[in-house]
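Multiple structures are listed underneath, in structure tokens.
In the two complexes below, chain A is the common chain; its partner is chain B in one and chain C in the other.
After this line comes the complex of A and B, so read on.
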């Protein structure tokens, strides 16, 4: 029975993804502009790091290749999270406006349903940027590509779960867009800079509340030493964050009040 | 008469902006986060050295604090202007008895003064907490006051230049509906040429070439006025900013003149 439910959710995710891709392809120019823009945004920071590390050598234990790997991995994971769960940054607004009803009335899990029902066009640029960076790093091989993908998927799940938890604060606070935006910004920003510069005082935060450690710092250590045995541990951490996000959303759902809005999903 | 109209537009926009203090929360949090992260990045970069390209660690942190004010305080004109063109809202303003460029400047930059003031105040507070007092202006209280005044002028010119360049880029929507790419390129050049790092950090040839573009005058100029103050250098930087503002005014007017010919207004 459980197996059938998993298969049904697999088909549901594939169908949602296919519908989202179709909507993206409908606006090709917009898609290309957004993709180009996101890649350019990331490249600007590559220029910054090239200049700085060219002047000073390694910063906080990161050389230029380390920085590029982290930017590539975080970019791909962030992109993947927003392609598959494109509604994740809108979740707080949807809750606040009382617009969850349309998802609650459908037979699939409400959180999964609302997250998967939209894609973010610009996220394709982020997704592709990571692979471009990986291609430019020396020593590209099939094994490194496979490891990169194996690290990007749990990082994407952690991104989506952490963002969903931050947005679910809307159940408890009403308008939580400021705090949710800040938490999301913290996660993304801390992930993109060398772990060594933050010192030990912030470490417990960066491996719990703002899990940059699991989306960037540990994956870098794994990639440097091609340490495959640690990969399942990262998948385990990702599952824990996903379960926590689902539980936190469920807890908030008990406080949810409908906005009595007439919504349709097309 | 016109001057009064524009000052009313500016003050109305300013009052509207300060009506809801929650408006500032998101940009204050993001700005504070960036300043904190970059202060840590600079701490890592300066480990074992006292100076990079003439900047101490304290100067580099204060540089970043001031350089980011243009982006956070005077930085979001493109989206509003571009949206007005694409939605046709711009037609409402074109028929009014005022100068389109001047009115938009007064309204949008006027409102931004509140953002810039809040971000500057936050930057000063966060800077004190992270690295202590800023580099001295080098001449007692009089020099500090002079530096404060020239910094305000330099920031206002940087904000004005940013508005005028955003204005020119946003009006390309009259020709190309998908004009975001131009803005992305512009924004990244601003970031790399003088905002994230001082241009003295760039390779010599790149830094020399950058001085012939408007980008350093959006962030490097006010930051330089603050962290490496000398009255002569500050006045020279401000003069160069003024020259770029004059050029940008001509550019904005030329783009507006060309683009407004493409507007067809129908009654209703």
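After this line comes the complex of A and C, so read on.
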């Protein structure tokens, strides 16, 4: 029975993904501009780091290749999260405006349903950028590519879960866009800087409330030493964050107040 | 068997009030003011399987809030509901397999995609086997006349075409109960008529229970067998359309037009509208025999036309709202002076 339910959820996710891709392809030029624009934007930051490390040497224990790996992984994970769960950064607004109704009327998990029902066009650029960076790093092999993917998936789940939790504050605060935006920015920004630059106190935060540790710092350690046994632990952490996000959303759902806004699914 | 039961169903919202005056925003930050709004106050009603019931009320009466509690979108603050034997608040996902819903203001179709893609996705949402999905989609396309619309992006459809697709999409999983919240809002006369026909057919052919809110009296008169009227969060009328219409039968609208300017004064009757050669009267047949009124008007001058019509149902419902508001105002006044 459980297997069958999982298969049904798999079919639902595949159908949502297909619908989202079709929806994006409706506007091909916009899709291409956003994809390559995002890659160019990320490349500009890589150039900045190249200059900085070229002048100062390693920063916080990170050499240029480490920085590039982290940028690549975070970019791919961030992109994957926003391609599959494109509504994740809109969730607070959706809750606040009472636009969850359509998802609540369907027999699928409401959080999964709302997250999967949109894709973020620009995120395709982020996803691809990570692979381009990996390709440019020395020593590319099938194993390194497989490990990169195995690390990017849990990081994407953690990104999506953390963003979803921050956005679900809207159930309790009404307009939570400020705090949700700040938490999201913290997570992204802290993930892109070397772990060594943060003090001990802050590091606790970076392995809990703002889980940069699990999307960037630990994956870098794993990648440096090709430490496969740690990968399942990261998947476990990702599942814990996903369960927490689902529970927090469910708690908030009891306070949901709906609304009378005109809505369309885009 | 009852398809829908509401027992003392209540919903209370706590709203933040924006205070007025100097430093109001600062005060609100320190001590926010809140106001309690009882949107639904312990409503009771039940709907049998296969019934088509109109759920009426003026704006803000609590119609949509009630529907949202019946479908599991909102958690009641008090009382409870059963829909097809399930508690919507606790068994929302289980219930969703057996109910369909169309909210005129909220679309479940993908805006940039053709309806065919949304139907496929909804098939996956409701876990309809691919073969069955093809059969059902085919049948719905035929019944709702969607053949030429299935490949057109939803954003390019007219409102009427979109609502037809919305209703068809809500039936992809063959629901037993259909909740329709203002399904004809913004539609032209032709599209409204078409939607009414489809709702009637769904009920008659497939035995689907329909719970409909609408401001369009045409929808209600043509489609529904019973009306539940809600006002200020309370059920004020729950009776068959026949009984409701009977209220209208004791009032007639008499229109008259003469060839020349004529004096049309009738003792005890004042016209609703009047020109030099025409007038329109509302006649309470319990007080004035209709034949006497018609005879008196015919004797006034050279008649060009005379019409006798039932009072529009809209007016009857308006009077129910007004009477209820008047009674509440009186109760408040009595309470205040006591």
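The criterion applied here is as follows: the second predicted complex is superposed on the first by the 259 of 266 C-alpha atoms of A that agree within 3 Å, B and C clash if a C-alpha of one lies under 4 Å from a C-alpha of the other, contacts with A are read in each partner's own complex, and residues count from 1 in each chain.
As a convention for this text, a contact is a pair of C-beta atoms (placed from the backbone, for glycine too) under 8 Å apart; a residue touches a chain by one contact, two chains touch by 3 or more.
Because the structure is predicted, anything quoted here is derived from the model rather than measured.
Asks: In the superposed arrangement, does A:190 touch chain B (first), chain C (second), both or neither?
Replies: A:190 contacts chain B only, not chain C.
Asks: With both complexes overlaid on chain A, does A:224 touch chain B (first), chain C (second), both or neither?
Replies: Neither: A:224 stays clear of chain B and chain C.
Asks: Between chain B (first) and chain C (second), which does A:106 come into contact with in this model arrangement: first, second, both, or neither?
Replies: It touches chain C, and chain B stays clear.
Asks: Thinking of the overlay built on chain A, is A:40 touched by chain B (first), by chain C (second), by both, or by neither?
Replies: first
Asks: Check the residue A:8 against both partner chains and state whether it touches chain B (first), chain C (second), both, or neither.
Replies: second
Asks: Could you tell me which stretches of chain A are touched by chain B in one complex and by chain C in the other?
Replies: none
Asks: Show which residues of chain C lie in contact with chain A when the two form their complex.
Replies: These residues of chain C touch chain A: 13, 16, 64-65, 68, 71-75, 92-94, 96-97, 99, 101, 103, 105-113, 117-118, 120-121, 123-127, 153-154.
Asks: Quick check on the complex: what are the chain A residues that touch chain C?
Replies: Those residues of chain A that touch chain C are 8, 11-12, 14-16, 19, 22-23, 26-27, 99-102, 104-109, 113, 174, 254, 256-258, 260-266.
Asks: Can you tell me which positions in chain B touch chain A when the two form their complex?
Replies: Residues 22, 25-26, 29-30, 33-34, 37, 40-41, 43-46, 49, 52-53, 178, 180-181, 184-185, 188, 191-192, 196-197, 201-203 of chain B touch chain A in their complex.
Asks: If you look only at chain A, which of its residues touch chain B in the complex?
Replies: 29-30, 33-34, 36-37, 40-41, 43-45, 47-48, 51-52, 55-56, 59-60, 177-178, 181-182, 185-186, 189-190, 193-194, 196-199
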